[in-house]
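Two complexes follow with chain A in common, the first pairing it with chain B and the second with chain C.
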Partner chain A sequence: MVLVQYKPTRSVLLQLRRTRRTAERGHRLLKLKQDALIVEFFRVLERAKAVRSNLVEKYRVAEARIAIARAIEGSIGVKSAALALTETPTLELKTKNVMGILVPKINAKSVRKTIDQRGYGIIGTSPRIDEAAEAYENLVEDVITAAEIETTMRRLIEEIEKVKRRVNALEYRVIPELKATEAFIRQRLEELERDNFMRLKRFKST
Partner chain B sequence: MAAPVNSALPSEWARYLRRITRWIPIESGNYPYVTARVRAKKAALLSQDTYERMLQMEIPQIARVLSEGAYKAEILALATKASGVDLIELATSRNLAAVYTQIIEFSEGELRQMIGWYLDRFDVQNIKTIVRGKLFGASPEEIEEDIVAAGSMRETFLRSLIALPSLDEVFDRLDGTIHSQALREMGLRPSEVQKWNEWEDRLTKLYYDNLLVVIPERTEGTRLMREFVRREIDIVNLRTLLRLWASKATLRYDPFVDGGLEIPKAELAEMISLDVNGLTARLRDYALTEDLAAQIKDLQALGVGSLVRSVEKLHLLEAGRYAHVHPLSVLPILDYIVRKDREVQNLRIIARGKESGLASDVIRELLVI
Partner chain C sequence: MELAAVGRDEFVQGFKLAGVRKTFSVDRDALEAQVAKVLDDANVGILILSVDDMKALSNTMRRRLETTPRPVVIAVGKREEEDLREKIKRAIGVDLYK
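Let's look at the complex of A and B:
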C-alpha cells in the first residue's frame, strides 16, 4: 500500500502536493496530446481510405491492361519488353516529426518513366505494353504513398494507445493515490496537532 | 537472310543489273509447289465457328480442342512442362515457328528470299529479347523461354547466342547482319551503349529497308506484297506518331521508318508537335487515318492501342484480298503466313482473356476474324 511508504510529516505532505500538481498538469497535457493525436489520426485515416480505394481501382486497371497486353502481344512479348528496363526505381526513406512521433517520409525516384526511359525501342513494340507499363507505374506510386500513410497511421495508433495508458494511469491510479496519501498525512498531522494541544493543555492544568 | 543493306549492292554493275532485273516480269522460285502446300495448310486453319465455340469454353477445354487438331504434337510435347494458358501459348508459338520454318525450307530462289526476309521479323524480335535478357541479367533458361524461332535463324544458333557470356561476343557472332549493322551505325561497341532503345529502333528500320529492297516490283503479285509491307510501315509509323504525340516525349533519333505507302516520313515528324485540332486535320488528309482522326480527342481515355487496333485489323484482313486473283504468286503464301499468325494471336487472346476474366464481348472485339 502506498500509504505505508510515506512518513506523515509536513515536508512529505508538501512534497506530495508538489508531485500531485505535477501529475495533474501532466495529465492535462497528455489528455490534450491524446485529443490532438486522435484528430490527426482521423485526418490521416481519411487520406488512407482515399488512397486505399484508389489503389484497388488502379490495381484493377493495371491488371486489365496487362491482361490485354498479354493477350495481344503474348506473355513472351510482354516479358521481353520488361527485360529491357535498365533503370530501376529507388526509394529514399526520411522521417518527419508529427507531435513527437517519427513517421516515415518516402521519396520515390524513377518510378514514372517516359517512353525512351523504359529501355525498349518504340517502333517494334505495341502501345498496349506502354499502357500496361503506365498503369503499373501509377500503381507503384500509389503503393508507395499508401505505405507512407499506413505506416504513419500505425505509428499514430501505437502512440495514442501509449498516451491513453498513461492518461488512465494518472487519472485512475497515480492522482487518486497521491490525493489519498495527502489526505491521510493531513489527517495524521491534524491528529498529532490535536494530541500536542491536549498534552499542552494537560501540562498547563497540572 | 539477315544480311546488311550494303552487302546487297557491291558495285555499280550490280546496282545496274538489279535495276534492270527489277522490271523483267519473271520470278525465280517454286511457286506452284509452295502455293499448293500452303493451300492445303490453309484448309486446316480454325474457322470462325471454332472461335465462337472457344469463347464459350474453359481454358482446359480449349487446350483439349487444340490437342485434337494441328497443335497436337506441341501440346503433347509440352503438357508435362506447362499447363493452362501457358501451355496454349507455348504450344501455339512453337507450332507457328515449326510451320514457318517448314515454309522457308520448301521454298526456293527469290521466293525463299522474300519469305525469309518477311519472317525475319521473328529473328529481329529474338535478338532483341536476347540483348534485353542479357542486360537485365536474366538466366539463359528464362531467355530461351521467350524465343520463337520462326525466322531464318535456327533454334540451335539462337541458343548458342544465349549461352555466350557477353554482348560483345553476341555481336561478334552476328557480324555481317543487320543486327550488328544497326550497332555500327551508332558507332559504339555493345559495352559502350547506354540506351539500347536506339539500337532496337535502328534495327527495326533496317529490317523494313531490307524487306523493301528484297521485294521487287516485277509482277502484280510482288507489287501487291510490296504495297502490303508499305501499308504495314504506315501503321508502324502511325503507332509511333500517336505514342510520341500522346506522351509528349522527344527522342534523340529519328523514330520513323522510310517507305510508307501513304504518309511521308517528313510529315510524320512535323505532326508530333501539333495540337489536337492540328493533328486531327492532318490525319483527315490520309485514307488510312480518315476514320481515326475523329477519335484523336479521346486518345487519352481510349489509349493508342485501341485506337490503332481497328486500322491493324483492316490491314491484316487486306492480305488475303488479292490472293485468289494471283494464285501462283507470293500472295497466297503471304496470305497464309498472315492468317496463321492471326490464328495464333486469336487463340492467345481467347486464352489470356479468359484467364484474366475479360468479358466475351471484350475478347471478341480484340479478335481479328
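Let's look at the complex of A and C:
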C-alpha cells in the first residue's frame, strides 16, 4: 500500500530511503533479539518444568502431612505449634538484567529449621507436626526457587511476544509500505523527467 | 523481605507452620481485597496463592499480579498452572510446557 502523505519529490524519496534502511536495520536487530530471547527461554524452560513438577509433588506431600497432623493433634494443636515459631524465612530480592528484561534474583535465609529452632516444645507436640513443618519448609524452599524461575519465564514470554509483534509489524507492514511508496515516488519522478524531456524536445523543434 | 500467603485457612496454616508470618486466611469474597493489601505491603517479597484462588481473581487483578515487579507472585496447587502454558503456546506457537 502506498502511503499518501508523502509528496513525490526527490528529497522525500531520499528521506524515505533513509527511513526504510533504519527500519530494515531495526528489523534485523529485533530478529536477533527474538532469537536470543528464545534461546534464553529454552534454557529456563527445562528448569521451570522440573521445578514446577517438584513443587506439585511437594505440595501434595505437605498437604497430606498437615492433614495427618490435624487429624492427630487437632486444628488448634497445629495452630498453636505454628504460633510458637519465632524464626521466619527472610528474603533478599534483587534484580538481574537478561537481554534488557529485569528478572528477580531471590536469596532466602532461615527456610529450613532444626527442631529446637522451631520454637514449640518437643514433649508437648507429636512428631506428626514436625513432619508437617518439615514438609512445608521443603515446599517453601521450592516455592522460592519456582518464584524466581517462573517469573523469569513469564517476563521472557512477554518480551518474546512484544518483540514478535514488532518484528511482524516491520516485516509485513512498515517495510513493504515504505518500499511501495519509494517505488511510486521513483516512477512519478521518472514520469516528470520524461515529461520535461519531451517538452524540451518540442521547444527545440519549433 | 518476607513471604506472604493468602487463601483458605487450610491452605495458609501449613505455611504458618513453616515460619511464614504474613499469612492471611480469607474466603473467596475477601480474597481480592486482601491480595491488593499485600501488594501494597513493601515488606513482602513473594506472595503465595493457591492455583484455584488465582483463577478466582478478576482479570484486572491477575494482570496486576503478573506485571507487578514486586512482590513476585506464585500459585501453588495440586494441578499445574494452565495460564502459563497458554502464554507459552501463544508466544512460541507450540505447546512446550508438556
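The criterion applied here is as follows: the second predicted complex is superposed on the first by the 169 of 206 C-alpha atoms of A that agree within 3 Å, B and C clash if a C-alpha of one lies under 4 Å from a C-alpha of the other, contacts with A are read in each partner's own complex, and residues count from 1 in each chain.
The definition used in the following text is that a contact is a pair of C-beta atoms (placed from the backbone, for glycine too) under 8 Å apart; a residue touches a chain by one contact, two chains touch by 3 or more.
Every value quoted in this text rests on a predicted model; they were computed, and no experiment measured them.
Visitor: On the A-aligned overlay, A:96 touches which partner chain: chain B = first, chain C = second, or both, or neither?
Guide: Neither partner.
Visitor: Which partner chains sit in contact with A:80 here, chain B, chain C, both or neither? Use first/second/both/neither.
Guide: first
Visitor: After lining up the shared chain so the two structures overlap, which partner does A:194 touch, if you call chain B first and chain C second: first, second, both or neither?
Guide: In the superposition, A:194 contacts neither chain B nor chain C.
Visitor: First (chain B), second (chain C), both or neither: which does A:72 touch?
Guide: It touches chain B, and chain C stays clear.
Visitor: Who touches more of chain A, chain B or chain C?
Guide: After superposing on chain A, more of chain A is contacted by C.
Visitor: Touching A:128 in the superposition: chain B (first), chain C (second), both, neither?
Guide: It touches chain B, and chain C stays clear.
Visitor: Looking at A:114 after the superposition, I want to know if it touches chain B, chain C, both of them or none. Which is it: first, second, both, neither?
Guide: Touch status of A:114: first partner only.
Visitor: One more residue to check, A:10. First (chain B), second (chain C), both or neither?
Guide: Once the two structures are laid over each other on A, A:10 reaches no partner at all.
Visitor: First (chain B), second (chain C), both or neither: which does A:28 touch?
Guide: In the superposition, A:28 contacts neither chain B nor chain C.
Visitor: Taking the superposition on A as described, I'd like to know which of chain B and chain C A:59 touches: first, second, both or neither.
Guide: In the superposed model, A:59 contacts chain C only, not chain B.
Visitor: Name the residues of chain A shared by its contacts with chain B and its contacts with chain C.
Guide: In chain A, residues 63, 75, 79, 81, 83, 85, 118 are touched by chain B and also by chain C.
Visitor: What does chain B use to touch chain A in their complex?
Guide: 86, 89, 93, 124-125, 128-129, 132-133, 135-136, 138, 145-146, 148, 195-201, 203-205, 236, 239-240, 242-244, 247, 249, 251-252, 255, 257, 303-305, 308, 345, 348-349, 352-353, 355-358, 363, 366
Visitor: Please give the residue numbers of chain C that touch chain A in the complex, ascending.
Guide: For chain C paired with chain A, touching residues are 1-3, 10, 13-21, 45-46, 48, 66, 69-70, 72-74, 76-81, 84, 87-88, 90-92, 96-97.
Visitor: Touching chain C in the complex: which residues of chain A?
Guide: Those in contact with chain C are residues 38, 41, 45, 49, 52-53, 55-56, 59-60, 62-63, 66, 75, 78-79, 81-83, 85, 87-93, 95, 102, 104, 106, 110-111, 113, 118, 129, 132-133, 135-137, 139-140, 143-144, 146-148, 150-151, 153-154, 157-158, 160-161, 164.
Visitor: Show which residues of chain A lie in contact with chain B when the two form their complex.
Guide: 63-64, 67-68, 70-72, 74-77, 79-81, 83-86, 114-116, 118-124, 126-128, 130-131
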